[in-house]
Every structure is written in structure tokens, then in C-alpha cells.
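Labels run A, B, C and D following the written order; every chain starts at residue 1.
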Amino acid sequence: MIRAAIVGANGYTGFELMKLIYGHPGLTLTSAASRSNAGSKISDLYPALGFAYGNMTFTEPDVDTIAKNADVVFTALPHAASAEIGGKFYDKGVKVIDLSADFRYTDIGLYENTYKVTHPRPDLNKEAVYGLCEINRDKIKKAAVIGNPGCYTTCSILPLYPLIKSGVIQDKGIIIDAASGITGAGRKADVAYNFCESDGNYKAYGVTTHRHATEIEEKLTFGDERISVSFTPHLLPVKRGILATVYANTASGATASDIDKAYSLYKDEKFAVATGEGVLPELKWVVQSNVCAFGYKLDAKNGRIIIVSAIDNLLKGASGQAVQNCNIMFGLPETDGLPVIGTHL
Amino acid sequence: MIRAAIVGANGYTGFELMKLIYGHPGLTLTSAASRSNAGSKISDLYPALGFAYGNMTFTEPDVDTIAKNADVVFTALPHAASAEIGGKFYDKGVKVIDLSADFRYTDIGLYENTYKVTHPRPDLNKEAVYGLCEINRDKIKKAAVIGNPGCYTTCSILPLYPLIKSGVIQDKGIIIDAASGITGAGRKADVAYNFCESDGNYKAYGVTTHRHATEIEEKLTFGDERISVSFTPHLLPVKRGILATVYANTASGATASDIDKAYSLYKDEKFAVATGEGVLPELKWVVQSNVCAFGYKLDAKNGRIIIVSAIDNLLKGASGQAVQNCNIMFGLPETDGLPVIGTHL
Amino acid sequence: MIRAAIVGANGYTGFELMKLIYGHPGLTLTSAASRSNAGSKISDLYPALGFAYGNMTFTEPDVDTIAKNADVVFTALPHAASAEIGGKFYDKGVKVIDLSADFRYTDIGLYENTYKVTHPRPDLNKEAVYGLCEINRDKIKKAAVIGNPGCYTTCSILPLYPLIKSGVIQDKGIIIDAASGITGAGRKADVAYNFCESDGNYKAYGVTTHRHATEIEEKLTFGDERISVSFTPHLLPVKRGILATVYANTASGATASDIDKAYSLYKDEKFAVATGEGVLPELKWVVQSNVCAFGYKLDAKNGRIIIVSAIDNLLKGASGQAVQNCNIMFGLPETDGLPVIGTHL
Amino acid sequence: MIRAAIVGANGYTGFELMKLIYGHPGLTLTSAASRSNAGSKISDLYPALGFAYGNMTFTEPDVDTIAKNADVVFTALPHAASAEIGGKFYDKGVKVIDLSADFRYTDIGLYENTYKVTHPRPDLNKEAVYGLCEINRDKIKKAAVIGNPGCYTTCSILPLYPLIKSGVIQDKGIIIDAASGITGAGRKADVAYNFCESDGNYKAYGVTTHRHATEIEEKLTFGDERISVSFTPHLLPVKRGILATVYANTASGATASDIDKAYSLYKDEKFAVATGEGVLPELKWVVQSNVCAFGYKLDAKNGRIIIVSAIDNLLKGASGQAVQNCNIMFGLPETDGLPVIGTHL
């Protein structure tokens, strides 16, 4: 059994990791650390976990103690704090899967500009692998540090990567209009996320300024100049899931069969599924699963393709992909412990 | 035009009062006071109000200033604070409609035991009228201070009062199993009320300890000894509305026609509607209206009546009834400014 | 009092019309016709209306009977059927406000292509006025037949019209990415709209094929050649409201002050509100009100403007605008009977 | 691998069974039969299942064909039809787990009175075991036919059984006030269950007439005379889960420790969890898990106990318990394939 620890276990990604690890045949949870909840029972915060973990408590995020009983640590702290403690685990030989943005960028300047912090471990950033499993699987196998991708970015990059790379769409003029469930905002006391303020509501936010835009732009740039996308996130009155509607200009003469050919990259993938022309995934197809599904429609009149891509933001968009990365790093079957079928209901 | 002021205008009952007053042909809003929001625009908190009130701001809760331009003040502060400031307005000749529990109890000891505070104005409490409009209309006409009833209590007392009073049900063994929308908890930052923690959830709370029980017990006692009810509130994943399912033992031989006869008390009422045997109101019949509707089913096998009663907790259960009280006090048509038709959708 | 009748009163737009008319100081409901519900009580279908209309029943859609007691008829039937019966009312001198698409298009061919029907009254179509109140007010005053605009179209045209007309944005390359509440699908038995299939879900539909696209294109064409927009509707898990996120290419050198100047067209409007740069309306600002509110963000990096526009699909997007048209046609105050403040909660 | 077939696979219990079987280490799905959907792909109805089952189709409910490849069949058809086809499988030596009410009652007369049908296989009913796992485990091990308990009944019986049996509560005067998610109504086209009619709503239904009452009464009768309960179901605006609030009169002198002692019956159970005094489960503790959790509060003033019990209606209340029964019948680990941790979010 691979011994897994979580630092920052009290948040929603921590909840999902604890749940996934409990059901995983090859992983066992050795520590669930949370500074703010240290000493209290996991079941006080998440009674549902109590039926599995009984009286287990959150611990202090003490690196020495945790590292002794861990082969891998999932770090889920705020930006900069996450890389700092993650780096200490790395220094002790523990593999690190970081769910913050700290190890996602190749260009540290872009990261620092985007997140307005100084990167605490530029040395480690060089070694870190961007954990988009279907694209970087070979590198992930050998990685010691993973920058686990963002939720909007996973949902956007998976469908766009093969199309831009193969040239069937243009990399100029891309618009990503996306909508996320409220778990994307994390577990925090804020009137704006109260049921009474959110139910029945829908809104755009972070228009032209959301930080996931630069991560998308870096990962989708194959030429010399970084591409520029318009990224508009919205907040849905649902708990989970992201649906991205992507508008791109097709290359001259590009057909559905060209698109499908580009998507054959994913033909053996369980968690990146191209559904084909005219089959547009809905949120409920993927919520509570680790699948990212995407389909498209050609808009010949306007020379565009319209792609609809769906994921569960807490699974393929966060903790599920983190476990998938862990499976790859430790040579476990890649789907172990990961739900293929969502809840639909 | 009657000049109305609100103290504690930033909460949800304040929002509803501002909305009702705007649409009321006989009332005009002269001040909306809120210590925590003084100086900021009403539309910053509630953009929907901005389309009506433009750049109007919240003011400090300064009694002297507010009283100069007010015939009536709606006080909606926490318990004890509300009676204290309400008392000052009374001292200046402004009529007071208090939405806290401060002026609801005849028995000050019961109030103090229930709310764990010392009543700041016992003198005034003697004069205050319990503002359950359909029951106390004549007293309300002449009142200077109104204790506006609680939400659960209005929903429970209206259907039970005529039945207990007329003796068709027993006053022993009553169970009130009720469910409320989340606006009942007010506008506050608390993870427990976050969309992600509330949507899809349902729970009991305050079992055997909820404070509305003593208010119900006092108002439904017609004999020497205060009656005792089991009151179990639940939290619904909806914004608004209360549905109470009430179990009572019928008097020996009591029939549906006895029940209906007792309910003829309300035959001319617009906002207390007995729907008859077998017609059980649903939440959507009344949400966003000022109507309290109740129907019943006789459970002959078990010697019980099962009553289902529904209201909008923020309207007939709070601000709507407050405006209804205001209409009665100032001799305005009782339905003025109050919605008869809810939203259904 | 203006005597109003409704044909097709059983649907959701019918419900809203009955509700608005009840609260309107200048209108009285003389008939609510519905073939499928004729003879049954309005309150059987909509108990909330029963508190206002008592035992009033739906009638057969008999033109002769209804016309005798009506100054205006609101027709809300399926396409083609609506114009046919509307035409008969017109022939009897009753003013017609039609909520279907039948009288919305100037170009009958475009209408017939879009809706795949033959227009039953091309003669009348010539006389009909497109009832977008803020744009066509003067024509509406004199109209006998109104084609009441669609919901997505009202939400899209109001913010785009002044910008295209004044040339601050280009009319080529416009993308409208919109999301609607489920009442937009009407009142029908269909598993796809069941709570269990819709709650927590979000999906795109009608991509590249939705019929409102041609209505938008016709109304926003000022040159010789009809413009072309990409229109992508989505289904939100909410009951009401539409939020449209619109992407357009700005004219070279266009600034926020140019945009604001174009929007000064609406400076005296109560129901078309430009909120300015960086102030992006949310659904809850307008739901249950007749207001269409829109703000924008300039995306200088990509040479675009991103507009967010919100309405209540059943009010400003249907029945509210219909009553607004009625007010204009009969010289009543334009805001009479129409909610300025939405429910927020 | 145990070969499992489903008859009536298109409904929501069928969906859950297909999902559970896919993730079960000891079961494999050999047929998913549905008369109405025969020949169409499972993924057409439930795209989420497509990521697991690919192009597998629903088959006709042909007993001969299905029986050849099945060790066990889950029958989920309407009452009477279910026992009829289930009986044919039994005749061919296939074990039957029936999710309808057909094999739940010992007293066939009570069944026939309750469901208004003639039992098609009274012979088999004698042999059938009531599949409430924690109570009847030993009988289930040897059973060939299981009557899988109802959802409300499982949620009600598990907490009441030990208390009545041990005499710490009285069996007279029990009230069960329960609320269910809308999946309880199944997958059907009915305006009443549309999102727009259900969201934000809450209502009682089947008051004094719901069929689960007689099932509860039979299973909780230990004396000569069948007990009588008041059972009031409500419909919650959530997809899944049942919360039952139960009122019972305590035996004279009964204390919390007496209650806890009675509940020690479940001390080793994973799926029936007594949470103790004052710890009242919420829906989100159990939704998407197979756990039934129940806690209680003593109401000394009124001589009552108030129990709150929660389950997922589709899992422990239907398909989860069916799989648990299957595990017991075939000697598989009882928790195999069954979720202990719900989704919370």
C-alpha cells in the first residue's frame, strides 16, 4: 500500500482526496493535516467521512512527523504556502502532488505576475511536471513533483490541445465562456456564496482578469508568441461541475473528420472522451466522475467551431486528477480508485 | 403619505420592507438605518433595490434624526437591542412595529427565560400588542407598539387558534413538525448556510429547544395552565417559505364540519385562508405572497387531525405582516402594498 | 378600466399575465381562455392565483364571446395558431398583443424559414409593430397589433442596438452566449425537464440552430446585408431569468466613454438600464422584475467588448413587456402594474 | 464472478444497480432488460453509464435468454408484474431480488389491500425473505427470493425496531413525519415533477394513505394486534435522500442509556449507524452512501423521544440494499461494491 498524506485537508479538495483514498485499493491515508482544524475529528467537519474514518483527527501540518509515514503528499494550501511546504516534503524524499497553482507554470514570471507572489521554490519548479495526465503521462511517470492543473484549465486544454497542435483551428481569437459550480470557490464563510444569495442566481465574474487564463495560454502556445484567449467564467447555482463553451476559428477547409482525427489522440483514454460532432456533453454526464467529455458543432456560416467540454471540478479538475497522477507516478492501474460513472442523479 | 423608517434595514426583513414600501400607495420610505452599512448605497447590498431607490444610502440609526421624518418605525434588530431603540422612538411619539421577539410575550419572565436577556422596556411591553392581525385586529388599531409575531408562530397559531379555542381539538399532545427556507437564518456569513453545504440537504435543528415554542405555547393557552407543544423545526434547501405539519388529538366526536365551522372565523380574511379538508397547501402556493393557507386531513384511525399550514416566512411571517399591522394602525386598506398572489414559479 | 383577455392562458406566460393584470390599476381580466383547460378552475392549475381570482374558470377560446368584453387580447399560442386567432380578434377591432413569434419579423420569408410554417396573416404582419418598447415606443402608441419580442432577443438586442447603430462595435463576428432558466421551455410534461434531470445540471442546446438567432439578426441589421451572429443558448438549473454574455469586436479606437454615450439612449428608461463599465448584472438583480440590465467590460488585449445582459424571461422577456406594450398602446403610465424591484431572494 | 441481470433497468433504481454492479468486484452485468427501451443504447438514456458500458443496449425482458446467463436477477417492475416475472426466474433456478412491494409482506391480504392487486405468486411469497439486512441477515443467507424493503420503511424500521422490541418506547401513538427527494417518484414525464414546479417547493402528499404505512406496521408489530402509525410523507426539492422525524412515547422511566443499549444491536453494522443522543443526522451525511444513520433527542417535558433517521432512498432505500442482499446471499463481503462515504457535496 502506498502511504498518502494530505496537507490542507479541511477544504473541499481535501474532502474529495480523503474519500477517494478510502475507496482506493492501493492507497492508505496516513495523515490529514489542517492547521485550522488540528486536533478535531474529521467527522466534525465532514460527518460523511466519519462512517469510514471513525474517530480519526486532523493533525498539525508538521513535515517531519508526516513525512515519516508518507510516500506521497497531496498539498492543497494557498498559493506560495503550498510550494513552500511541498518543497520541504520533496527535500525529505516524499513525492509531491500540489493542487495549488505553484508548480503549474513553466514561466515563473508569468506565474508571479498572475498570482502576485514570489515563487518560494524556483529550483523545484524546474523539475516539476504539469500533471495533465493524458498529455504528459510519460513525464509524470518519472516526476517527483507534480503541478496539478486547474479546473477551468483542464476542461479547456483537453479539447483545445489536439486541435491547435494539429492546426485544424486557429490559435488566434479563441473565446472560452465557462461556468462553474460553487465548490470552485472553496469552503469559506462568505455571504456571497450563501444558499439564499446563490440559489436561482447566475453571474459572470473575473471577466478579463481570471488567473486561469494565463495557465491556459501558456499550455496552448506552440509557436514563439504566447497566444491570447478571452476567458469568461460564470458561477452556476450548482455544487459541482464545469461546462466550458469554446469558440474558435477553424482553419480554412477544416472538416469534422479533421477534428475527429485530431481527437483520435484520446481514443484509448478513459478520462478524456471526445463525443464527436453534435454530441454535446452536459454537466450531469460527468459530475462525480473523473471523466472530461467534450463534443463540438461546426458553425460553417461563421467559420467557427463551438466546443462544449464538461468536467467535475473537484475530480478531474482537482483531486481526481491528483489521484490519477499518483497512480501514474507509482505504477498503479491508472483508473484505480477513480469513478468512471458519475451520479447523473 | 405615511412616513416610514426602518432600523436594521440591511437584513432580509429590511430588504422586504424596503421593497414593500416602494410598491405601497400609502407609505414612503424616509430612512433606512443600518449601523454596519451606514453611508453605503442600498444598491451595493441589494442591486435590485437600486432600480427603485437609485443612490439612496443607509444611514446611522440616529433616533433624533430619524424620528423627525417618521410616523412609524420598523425595528429589526437583535433581541433586546430592538426594544431599546424602539422604546426611544416610542418616547418621541413614533409608532413602533418591532420585528424582534421583544414585544411578543405577555409574560416577561417567559420571554427572558426563552431569550436569555433582560427586557429593556418592561413598561412598554405592557402596552404592546401582539400583532397577529387576524386575531388582534381591534387592539392593533389602537396600538402604539406592535410585537410582530415570529414566522413559525404565525404559521402554527393561525390554524390552531380557532380549533383549540372552540374545543374541537385537545390542547394536550400537539406536535408541530415544521420546515423553513434558509432566509429564516438571516443574512450572515456562515459556512453552514453556504450553497454547497445546503443545496440537496435537509436537517432538523433546535429540536426541543427552539425559541418559537414558548411563543406558540403562550398564545395558544386559554386555560390556567400553559400548554406544552413538541416543536421540531427543519431546514429546507429553499430560500423562502415555511410549511408546518401539525398533529393534534381531536376532541371525541369531532368531525370535518366542526373543523370547518371553527375556521369560519377566517371567512372574510384575505391573508388567512382555510382550504378545507383534504386540500393541503404547498409552499409554492404562498411564497412571495402575504397569505397563510392551511388545510387538514382527519386521521380517524388514530384519532388525530393532521394540519398543513404554509406561509412565506419573510412576508406573512415577518415584513408582510409588519406592513399589514401598519395598514391597520393607520387606517389604510389592509391589503395595500401586500401581494395576494405569490410567484408559484 | 381597460378590459383584457388572454388566449392560451394555461402556460407560464399566461400565469404571469393573470398575475400582472390582477395587480394593475388600469387593467381588468375579462377572459382567460385555454382549450385544454376550459371549464376547470384557474386555481386547479395555479393555486396561487386562486387567492385572487377565487373560482374563476378557464374558458374556451371563442373569439366572438371573448371579443365582446375585451379591448385588448394577449395571444400566447403556438406559432401560426397564434396569428390566426389574433387576426380574428383584430378583425373585430380588438387590439392584439401576440406573444408568439408570428408578428415579430419584417421579412416573412425569414420567419417562415425559421419556424417552418406558412404565415397565416401576411396582410396583418405588414401592420404589426415589433414591440421592443424602448426602441419602437412611438410606433407602438399607434399600433393595433404587436409582435411581442422573444426573451433571448430582448436581452440581446437592448444592449447591442445602440452600439451597432452608433458604430462603436462592429456588426461582424458577434457571439451571444446565453443561459436561460427552465421556464423558458414552458409548462410541459417531459422527463428532460424533471427536477431530478435538471437540478445540478447545465447544458448547451440548439447550438447554431436556435430560432431566436434570426430575430436578433434581422433587428440588428442596419446595412444592406443581414448580419450573422453565433448564438449559443444554455439551460440553467433555475426557474427564471436569462443572462447573455456577448462578445463583439470594438471599432478601432472605441473607448468606454463612447460606449456610455451610445447607452445614453436609455438614460430615462426604467426598464432598460445600462450599469456602466465593470458593473455586470447578475440574474438576481432582475428576476421577478421587468428590468433588463446590462454592463460591460472592455477587453483591450483582444480588441473586444464583453457585455453581460440580464432579464427575467417571463417578464421583460415575455408577459411584462406585453403589459408594457399595452400600457403604451392605451396611454397608461408605462410602469403601471410592472415590478421595478425583483425578488433578489 | 456472479452474473447479475436487471429487469426494469430503465428506471432510477435500474440506473443505480448498473452503476453499483460496474464498480463491484464480484458482480458482472449480463443483461439490462427494459421493454420500453429494448434495442436502444443504455448511454442514450444515461450518458454517464456510457463511459463504462460503451455501446451495450437494453434488451427485451425475455426470461429464457436472460436466465441462461444469470445467477441472480434484480426485478424492478411495477407491483404484480414484478412478482410475475420474478417467479419465472425463480422457477428456472435464478435467485431473485425484487425491488417492488410484491414480496415484502407476510400477510398477503394486507399486501392486496394496500396495493389493490391480486398477488400473482402467493406460493413464492411464503418462501420470500424480507430483505432488511441488519434484521434478517441469517434468513437472507439462505433465501432464493428477497422482498427488498421500501425506502421510507427502511429509514423508519431500522431506528424503531430495537426500541419497540426492547420495550423502551410504546408501540401506540407513533408518528413518522418524513421527507423524500424527488427520485422517489421515479423517472416519469409529469408536470408536477418538473423543475419549475418542484424547485423551491415543499409539500405533504399521501397523508393517511401512503402505502408504506402498512409495511411499517407489519414489520414493527411484535404483539398480537397490528400496530398503527401516523405516516406523513413530504416531497423535498432535492434529488435524493429521505429524512424521517419520528415521534414516539417513551416507556415510563426510559433513559438515554436504555435507548443506547437497545441500539447496541447495530454496534458492528457498517450500514445502520446509531449516532447517539443529540446527534441528529442530516441528509448530506448519507446521500450517495448505503448508510442509514439515526440519532435522537429525549423530550422529557412531553414524555417523548424524537428520532431523526436519514438514508439515500435509491441506495440503502432500494438498489444499495438490493446489492447488500445479493452480497449476503452469495457469501460475498457485505460491503463490496457499496459506498460507505456519501458525497456531502
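Keep in mind that, in the parts below, contacts are C-beta pairs under 8 Å (C-beta built on N, C-alpha and C of every residue); 3 or more make two chains touch, one makes a residue touch a chain.
This structure is a prediction, so every number in the text was calculated from the model and none was measured.
Asker: Please state whether the interface between chain A and chain D is built from the same residues or different ones, using more than half shared residue numbers as the mark of same.
Answerer: Interface between chain A and chain D is built from largely the same residues.
Asker: With centres defined by CA atoms only, which chain is the most remote from chain A?
Answerer: B
Asker: More C-beta pairs touching across which pair, B-D or C-D?
Answerer: By the number of C-beta pairs in contact, the winner is B-D.
Asker: Suppose each chain is reduced to the average of its Cα coordinates; what separation in Å results between chain C and chain D?
Answerer: So the centroids are 46 Å from each other.
Asker: Measuring centre to centre with CA averages, how many angstrom lie between chain A and chain D?
Answerer: Centres of chain A and chain D (C-alpha means) sit 36 Å apart.
Asker: Using mean CA coordinates as chain centres, what's the chain B-chain D distance in Å?
Answerer: 39
Asker: Taking each residue of chain C in turn, which ones touch at least two of the other chains?
Answerer: Those would be 12, 183, 196, 199-200, 237-240, 281-282, 284, 345.
Asker: Chain B touches which residues of chain C in the complex?
Answerer: So the residues of chain C in touch with chain B come to 12, 15-16, 19, 22-23, 46-49, 51-52, 183, 200, 239-240, 270, 273, 281-282, 284-286, 288-289, 291, 293, 314, 339-345.
Asker: For the complex, which residues does chain C have touching chain A?
Answerer: Touch residues, chain C against chain A: 173, 175, 177, 179, 196-197, 199-204, 207-208, 228, 230, 232, 234, 236-241, 243, 245, 247, 280-284, 287, 297-299, 301-302, 304, 306, 308, 345.
Asker: Spell out the part of chain B that touches chain A in their complex, as residue ranges.
Answerer: For chain B paired with chain A, touching residues are 12, 181-183, 187-191, 193-196, 198-200, 237-239.
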